[in-house]
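Look for chain A in each of the two complexes below; its partner is chain B in the first and chain C in the second.
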Partner chain A sequence: MNGFLVSARHELLATRRSRTASILVIVFVALVLASAVIGWITTRTVTDVYEQIRAAGMTSAPNPFSGASPLYFARNSAIYVVLIGCLMAIVLGTEAGLRDRRMRTSDLVLTRPVSAVSRLLGQFAGLGIVVLVALAVSLAASWVVIAAITGGPLSADETLRIVGFGGISWVLLMAFVGAGILGGVHSRHETAALLAPILVWSAITFVLPQVGTAARPIALLNPVPSVAATGGGFDLASAITGPLAITEQYKRVGAYLLQDPSASGSAALAVMILLTVLIGMFAVVGVTSRRSLRRALDD
Partner chain B sequence: MTDLLVIAGREIRERRRDPLLLVLIAFLALASIVSVVVAAAAFRTELDAYTAYVSQLLASGSSTPPAAPRLFPMQLLRGAVEYVEVLGALFAIVVGYGSVAAERRRGTLDLVLSRPIGRFSLGLGKLLGLSAVWGIVVISLAVVETIALATVGGASIGLYELRGIALATVVLWLYLVFWSAVAIGITALARRPSTGLIVAVAVWLVVVLILPQIGDTMDPDNQVPGGLFAALQIQRTDELSVMAHFAGFDGVRNAIEVSSIEKHTERLAFAFLGIKDQYNQQPLSAVWADMWPYALTLVAATALVTVGAALTTTRRTLQRRDS
Partner chain C sequence: MTDFAIRTFELSKSYGGRRALDRLDLDVRRGEVFGLLGHNGAGKTTTVSLLTTLLAPTGGDAEIVGRSVARRADVVRRSIGYLPENVRFYDDLTVLENLRFFARLSGLRRPDPRIAEVLELVDFTGHDREKVGTFSKGMRQRVGIAQAILHQPEVLFLDEPTSGLDPVGVRSLRDLIVRLNAELGMTVFMNTHLLSEVTKTCTSIGILRQGRLVHHDTLDATLRRFPGEESLEEIYFRLDAAVAS
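So, the complex of A and B:
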């Protein structure tokens, strides 16, 4: 077995043994699952509110949720992927990058016939399987919950959309796994190793969308997207910061896939941006030198 | 008492030398300034759109233009407050964690604990030192934001505005102390310091982001752009009478929201700054009449976690070795 596969298998084993990583994966799966239930309860209540209003003769407008896709129940999943999924990915990546340095086993590992590239990309691939399993379990459970709520299995098109949503979620999370690995490999202190990618995530998730659209920093938490400001330099700012705000790009693709009526913008471009970021992250992790892997922590 | 002050003084000196803290504060200050600049630019864009609309209206012969958008300068601080709520809390956790983890890492903890210090002096001393540090940070941020309001926002800052900023600063200071105390307590209890940091960050994620998000999601008026009731053209009084039939659901939703200390902080800060329209340009007595329960909860929660941090930073927990 070559170094790449051994590293990938070792990473799977180490993640399975890590209690913190396991807790984060379980919390993530539980929240994605809970999002379908919360979405259903809310939609049902809003429909009841609408019926109350209509019965009192206060409106003749149609129910805003009539004809909504069953996938609409899962729309909050995208927010949980951006919040807890990205944090999970960063923690998994940082732990992978730090483990050998913390245990001082880097020298031992690198005495074996394994290159730094195959070691790191093997770890990356191992974590790719962990993230894939977490997403597969959570989205499969969502599928079952939505089917139970709507009283029948989802159609092939809807199932494919959920699979596509899982795929694009995997791309986003793997980009943050890469950021975590880089933090773990290059930082001099454990705290900075975790903090640096979290700072990058904070800037991408909260600051960049505000610069480009004048949205509030925590607009991300709102189920209804805020209206982007236009004119007065915001168009230019948005053109510059938009591609960098990868969590917003991910939410855009997620909204299209989950048939959210408020989806807007080019989903194809957003997919291209996310794939480019992942490939770039893969390349940056791949060019890490042996010397970086062997550097001891100052902690 | 003396040992408590000595530990607090040492904590302040340590943080002053810590480049990480400077990076975090610079990031927060920059984000706050960006937020004021963006909010001011958004208002100018709105004003330009209004002016163009009025010109078109007058050109078409109409003589009743709609009311112009009004700038309440304190409302430009909304984003800055939200940054402290989200990122400030995260940084308070990192700093609180660092104050315990660094001592363990360097082995100075054993040295400090070999001295005749009081049972709770270490935890309380560290928290006292960090409280002073956060005091300096929030005051500095308030000064930076006030300057940004006056220059970029073009606002005239009077006594009313300064009082609001001062009260919001106290609220945000308590909030940051709360999170540092949480981090100190969790890190002291964790067998491995990095586990303490990860657990504390997970708590932050749930309390600051997940709980308010669930509350927002469950809000019936937050389901369609512009609001459900506005979309259905329902008046406020009718809205209240309809929602009275869903008091149970609304009670659960509100309970989820207020179980997060972040919501208490936000409601207080937004009320004192007049960001919430209901409290804008209102006398302090009227704001306080509505806000005192939130203030009480914030103070009580901070006191509770402070006691928790003091109780968990015992010799036994701090000197426990990783197995």
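So, the complex of A and C:
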């Protein structure tokens, strides 16, 4: 077994043993599942009220949910991925990047025939499996809940859309896993290792979209694409910051996949941007030197 | 096959403007237990770090069983075992899980039988399911030796192996080093500042002072060269004083 596979396998075991990582994964799965349950409760409440109003002869309009796609109930998942999912990814990545330096096992690892690239990309791959399992469990549970709400299994097309949503969520989360690993490997202090990628995430999620769109902050927490640029300087700012605001790109792809009628912009371009960021993150993690891996922490 | 386990050729290391190791020329034959002595900051750990490929030299080169540490670091890593000073492991994992990881990194496909063998050798059977985080320093040193010899290296590097151990731990580790050398024919390179340990363990010694090798010979020859001195400690201080003056 080569260094890459050994590191990937070891990362799975170490993450399973880490209490913080396990709790975050459980919270993430629970929240994604909760988003479907909240959708179910909302539908039931609105439908019950609608039925009462209709019985009282106060409306003849159709039930507002009657034309909605079953995937409507998974729309809030996008927000949980952007919020708790990205934080989970950063914590997992930081723990992995810091582990050898914090435990002082770097020298034991680096006197073995393993390159820094194999070691780090192996850890990256191991966390890729952790994130994949978390997404698979949460979206499979969402599928079951949506099927229960709509009274029948989702169609093949809808199921594929959920799988695609899982795939694009994985791409976004792995970009933040990479940011966490880099924070863990390059920071001089444990606290900075976690803080630096969280600052990057905050800027990408909350600052960049506002710079380009003048969106109200509350809009950033909703599963809708950003408010369109309003011309003038905003167009220019949007052109520059748009590709960097990867959480907005993710929400755009998510809106298309989950059949949100308000989806706008190019989903293909957004997917390209997300994939480019992930590949770039792989490359940056891959060029980390052996010296960085054994640099002592100042804490 | 070369007779030498370790050879260095003007091996040097500088940190910024400070020279930590200055043109070290050293030969250690196969099967020897070599002790590198010196004050704190003399360059002992730098030497071990260079020989174990953890650091890259800024000048010269070294060979481990005939392979250059600068040009063939990956091959060198297959031939060496390393026990750092204050060895640490993944605290949340058991002894077995830690050793499996290091064994697989060294290329062992099915490591469990070898791990059982090595734990018996270091007299640590029965602890393999325990988490390393709960261990004392002495226990960690044993696991440390176990991880260092898992892949049957030709040369074993020990950096201050007895530092921080109680007298029982020191004796037990010393016996283990002697056994590894005698039974498995492993060449041992040991950094230490405990002269009493060197006398009881090493077959040859070197003394580093401010990054330079000021003495290198077999232990017997060294003791013969200073007939008036009763202990290695006296010899060490005499040599050190001679160089200082």
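Heads up, the rule we're going with is that the second predicted complex is superposed on the first by the 269 of 299 C-alpha atoms of A that agree within 3 Å, B and C clash if a C-alpha of one lies under 4 Å from a C-alpha of the other, contacts with A are read in each partner's own complex, and residues count from 1 in each chain.
One rule holds for everything that comes next: contacts are C-beta pairs under 8 Å (C-beta built on N, C-alpha and C of every residue); 3 or more make two chains touch, one makes a residue touch a chain.
No experiment lies behind these values; they were computed from the predicted model shown.
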Touching partner for A:R99 - first (chain B), second (chain C), both, neither: second
A:R112 touches, of chain B and chain C: first, second, both or neither? second
Touching partner for A:I198 - first (chain B), second (chain C), both, neither: first
First (chain B), second (chain C), both or neither touched by A:L13: second
First (chain B), second (chain C), both or neither touched by A:R294: second
Partner chain in contact with A:R188 - chain B first, chain C second, else both or neither: neither
Chain B versus chain C, judged by how many residues of chain A each one touches: B
Interface residues, chain B side, partner chain A - complex: 20, 27, 31, 34-35, 38-39, 41-42, 44-45, 48-49, 78-79, 82-83, 85-87, 90, 94, 97-98, 101, 105, 193-195, 197-199, 201-202, 205, 209-210, 212-214, 216-218, 220, 222-225, 228, 231-234, 238, 242-243, 245-246, 249
Touch list for chain A against partner chain C, complex: 1, 3, 6-7, 9-10, 13-14, 17-18, 99, 103-105, 107-115, 294
Chain A - residues contacting chain B, complex: 20, 23-24, 27, 31, 38-39, 41-43, 45-46, 48-50, 52-53, 56, 58-59, 61, 64-65, 76, 79-80, 83-84, 87, 91, 98, 190-192, 194-195, 198-199, 202-203, 206-207, 210-211, 214, 216-218, 221-225, 227, 229-234, 262, 299
Sites on chain C touched by chain A in the complex: 52-54, 74-75, 77-78, 80, 82, 84, 86-93, 97, 101-102, 104-107, 109, 147
